[in-house]
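Both complexes below contain chain A, partnered by chain B and then by chain C.
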Partner chain A sequence: MKSRTIKVDYLARVEGEGALSVKIKGQQVTDVKLRIFEPPRFFEAFLRGRKFNEAPDITARICGICPIAYQMSACHAIEDACGVKITGPIRDLRRLIYCGEWIESHALHIYLLHAPDFLGYEDAIRMAKDHPVEVKRGLRLKKAGNEIVRLLGGREIHPINVRVGGFYKVPDKKEFSPLGEELKWARDAALETVHWVATFAFPEFDRDYEFVALRHPDEYPFNEGRIVSNKEMDIAVREYDQNFVEDHVSHSNALQSRIKERNSYFVGPQARYNLNFDKLSPMAQEAARSAGLGPVCRNPFQSIIVRSVEMLYACDEALRIIDQYEMPNTPAVSVEPRVSTGYGCTEAPRGICYHRYRLDDRGIILDAKIVPPTSQNLKTIEGDLWQFVQAHLVIQKDKLQWQCEQAVRNYDPCISCATHFLKLHIEAE
Partner chain B sequence: MAIRKPKLAVWKFSSCDGCQLSLLDCEDELLAVADAVEIANFPEASRAVVKGPYDLSLVEGSITTPHDAERIHGIRRASKFLVTIGACATAGGIQALRNFKEVKEFISIVYARPDYIETLKKSTPITDHVFVDFELRGCPINKYQLVEVLSAFLNGRKPNTPPHSVCLECKQRGTVCVMVAQGTPCLGPVTQVGCGALCPAYARGCYGCFGPKETPNTASLSTWWNELGVSERDLMRAFRGFNAYAEPFRRESEAHEK
Partner chain C sequence: MTPGQPSIVVIGVGNEYRSDDGAGIAVARQLRMLFPIGVTILEESGEGGTLIEAWKGATWVMLVDAVRSGATPGTIRRLDARVAPVPIGFFHYSTHAFSVAEAVELARSLDQLPAHLILYGIEGENFSAGVELSSAVEQAVDAVVERAAVEVRAAILPKADS
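The block that comes next holds the complex of A and B.
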């Protein structure tokens, strides 16, 4: 029987180093491997022995694209260990800086990494020759998101102003006014983005997914909520480890997560959207409907529309927060360490990011666990490829390979994120 | 006849992707840069790959695997100029914290299938492996310094990136010294500028993202920190950050490791 292999030795337009191989024998897909060769960096190992207040700065370095996600999950987990709950304007500012990260990260993925697949370009720079208006709009949107992060965090990548308990310094209200003007433009541009991406052609695709995201009674989730799914999961963040396990497979330097009682699951914009559509602002809901989406969207190729709707929501929410902001009396609340274990889970642009820390009485980290979003999606991505290739065997090989890459990019995978938590095996030099 | 554009390549080793992202974060300059150079290899941004040799290679990340220790030589051979970007590539990065641990200490940590993982004992900077034409500091790098480096190499001149301490920039910004005025421990006096003296402007001490400045007096700074009540363990941790394996910081952290 004739065998063939689709191989992508170095996946492009994803963050980090991964490769893809799909084996086909006759008319049957026989193997799919998303191989992660990004070198492990062992964050969990070297967090041991560090001070509790160093965790946000250290874990930010797991990912240059979503450092806020790591800073937020680390802060919440440590505050949980120390029995502190952040409320009022500091809580709002955390939500605001997270809006900034969603906008910059989503704009990056929509315009520079994913749209070129739909329009048939190798990259956004080539795309810009034919679609200059759209690429410039994408870059300005990305910049608007980065402006929020820069104003509140000091800089776009690895912000310096986030700390356990709050911030080192908070802006007064008038510092927000130029940002507010730009965000009004960004909100309009995000709406145009929704309409633009809705015109793309999407392959038909559906699977029986389990979507997992945070859910909060009053708001679209960023920093807080229970972990829920469309298959009746509804747990507190501190129950994460009882419900999810990570498998170590030979072809990957990233662990693959699965739900203990079932199997693979799906995190990220589409999971959040499907589980929290009712919490989106009216403007975001309306935009989704006008793009032809219902309250549930299961086709991962349409994730680019969902991401655009979330970007619109994040602009809308950022404007709401800025509008009602009153400067707090103090930039941070005091957090005293105690012997305890704390749990935090927040919604990174790519999905839930879980942290757990065990502290001693002086605040030294005894043990840490970090589960980034991408490792939670790896099994689902492989599952998509099995089904997608099987259904499209007749497509010419080059085109099928490109569509496989596109299927991986549906998840905006951040491979650098996915590999830091592996434990160390030393091989002599 | 069209003039051939210089070929730019971006390479990744062990890192967080943040420094190469800085290139895409040049939202206002990106399309102009793409006009001035041929982006010949930049997997984070493009699936198109143009064969070498390359006029300028930007290298992000540190060397942590046997495969990468080989790969960097091929990149050097294919590159006219090789510039390292960021703390990982210039000092080994945060992942160089493994360099201070006893092997058996790490092995005692429970892991599922160590036989699947291939890694070196140490995380090392690019310059330990091949000749580097220029090192751009920072965790992350400053995007304006990156544009300066690109512009300098395109025009055949030396990049203008100052080697002095953060202190000087605090004075230029008019930031009151956090260590003198508030007694906040700060690594600014021994750390190279590049960030724009951000942390003191946000009422916190510098934590050393850009690594040691030229001729840093780390021992003297440690004495000042001691006087502010900082413990030996905390001093050790302060020097053991994103540039832990840069020689002056490494020596100073080891001096406080009891």
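The block that comes next holds the complex of A and C.
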């Protein structure tokens, strides 16, 4: 029987490094493995014995793309352990800095990593020669997000101004003026982005996914909410470990998450959108509709549209927060340690990022658990590839390989988070 | 150039929690001690879009990053980005697929390269999680600091004379 292998030893345009291999025997896909080489969990070990208030700055180093997600999940988990809840302008500023991270992360992925797949370019460098206007728009959008993070975070890579209880310092209202002007441009540009990506051609694809995201009664989720799914999951963040389990699989150094009672699940923009469409701003909802999306979008290849809608929402929400902002009397509330375990889960650009910390009476971290979004999507990505390759065995191998890589990029996998590095490959024998 | 924008920029790229991937960061920190003023010294993760922003408006830019090309650990490579394209994958071990080489080439495509762009690569040995540089890389870091300092001084001096 004729057998063949698609192996990608280096999958380009995902964050970090990993490898993908798909085996086909005759007319049957026999194996799909997303391989991750790096030993994970370094940071969890590194956190043990550290002070509770060091967690945000240490975990921010896990990823250069989404440091805010780690800082926010760490802050919420530590505050949960210490019995503190943040409200008012400090809470709003946390949403605002998260808007910045979504804008920069989504702009990077849409314009520089994913769009070349749809337009038939090997990479953004080649795409830029034919589409300089779009690439420049993407870079400027990304910069607008960076500017939010820089203003609130102190700097955009590994921000230093976020702390347990709030911020070290907060801006006064007038410091937001130049940012507000740029964000108005960014909101228009994000709307153009939605229209632009809606013109791409999308392969037909659907599976019986379980989408998992936060849901909050009043807002599109960033920092708070219950963990819900389209299969009737509705749990508090502190019930995460009872509902999700991480398996060590032999082909990968990253742990793979699954729902205990069922199996793989899907986190990230598309899960958030499908579970929270009603909480998007009217402008974002309208843009989604004009791009041909309903309140539920199940085709992962259309995630680029959903990501664009979320980028528009983040611009809109950032402008709303800036407009109503009043400087708080104090940049942070006091947080005193106690013997306790705290749980935090926030919506990183790529999906829920879960942290758990156990503290002693002096606030020393005895134990930490961190589950990045990408490790939660790994099983789902493998599942997509099984089905996608099986359905497209007749197409030419190089095209199939291209589409496999595109299918992986639907999830914007941040392999540097999942393993703190990954390398993805497709090769043929 | 608008006032307040840096004209001489040195960017150390890498992840100090990735052992030898921290080489560029280590160089940047040493240079900062040598040049407390007159040079903007940045530490970046290597994400390409941010790099393009970091050098925007600057006329003289130097970037230092770890490399994994298969050469002997500690090998130093110096590239002039204005003279030849940067091989994609050369600065392979930066955390991100859209990284140093891609940022340089994208900037070239968009006609946004600085007038002077020098890249130093230090061949790493160990990129696993950790905070120590291997000894060959540590020596290379010192050597790059010395060579870079000469170049930075030469870039500053004409300005000081004027």
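One rule holds in what follows: the second predicted complex is superposed on the first by the 415 of 429 C-alpha atoms of A that agree within 3 Å, B and C clash if a C-alpha of one lies under 4 Å from a C-alpha of the other, contacts with A are read in each partner's own complex, and residues count from 1 in each chain.
FYI, a residue touches a chain if its C-beta (ideal position, glycine included) is under 8 Å from a C-beta of that chain, and two chains touch if they have at least 3 such contacts.
Keep in mind that this is a model prediction, so the values were computed, not measured.
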item	value
Contacts of A:H248 with chain B and chain C, given as first, second, both or neither	first
Partner chain(s) touched by A:G383 [first = chain B, second = chain C, both, neither]	neither
Chain B versus chain C as contact partner of A:K51, first or second or both or neither	first
Touched partner set for A:K169, first chain B, second chain C, both or neither	first
Partner chain in contact with A:P328 - chain B first, chain C second, else both or neither	neither
Touching partner for A:P203 - first (chain B), second (chain C), both, neither	neither
First (chain B), second (chain C), both or neither touched by A:N161	first
First (chain B), second (chain C), both or neither touched by A:P295	neither
Chain C versus chain B, contacts on chain A by residue	B
Doubly contacted chain A residues - partners chain C and chain B	10, 12-16, 38-39, 42-43, 46, 61, 63-65, 108, 112-113, 123-126, 128, 135-136, 139, 142-143, 146, 156-158, 416
Footprint of chain A on chain C - complex, ascending	15-18, 43-50, 52-53, 88-89, 95-98, 102, 105-106, 109-110, 127-130
In the complex, chain A residues that touch chain B	10-17, 37-43, 45-46, 48, 50-51, 54, 57-58, 61-65, 67, 108, 112-113, 122-126, 128, 135-136, 139-140, 142-143, 146, 154-158, 160-161, 163, 168-169, 246-250, 253, 255, 331, 402, 405, 414, 416, 422-429
Complex interface listing, chain A residues touching chain C	10, 12-16, 38-39, 42-43, 46, 61, 63-65, 104, 107-108, 112-113, 123-126, 128-129, 132, 135-136, 138-139, 142-143, 146, 156-158, 416, 420-421
In the complex with chain A, residue positions of chain B that touch it	12-22, 24-25, 27-28, 30-31, 34, 39, 42-48, 64-68, 93-95, 97-98, 101, 103, 106-107, 109-122, 139-140, 195, 198-199, 201-204, 207, 209, 234, 237, 241-242
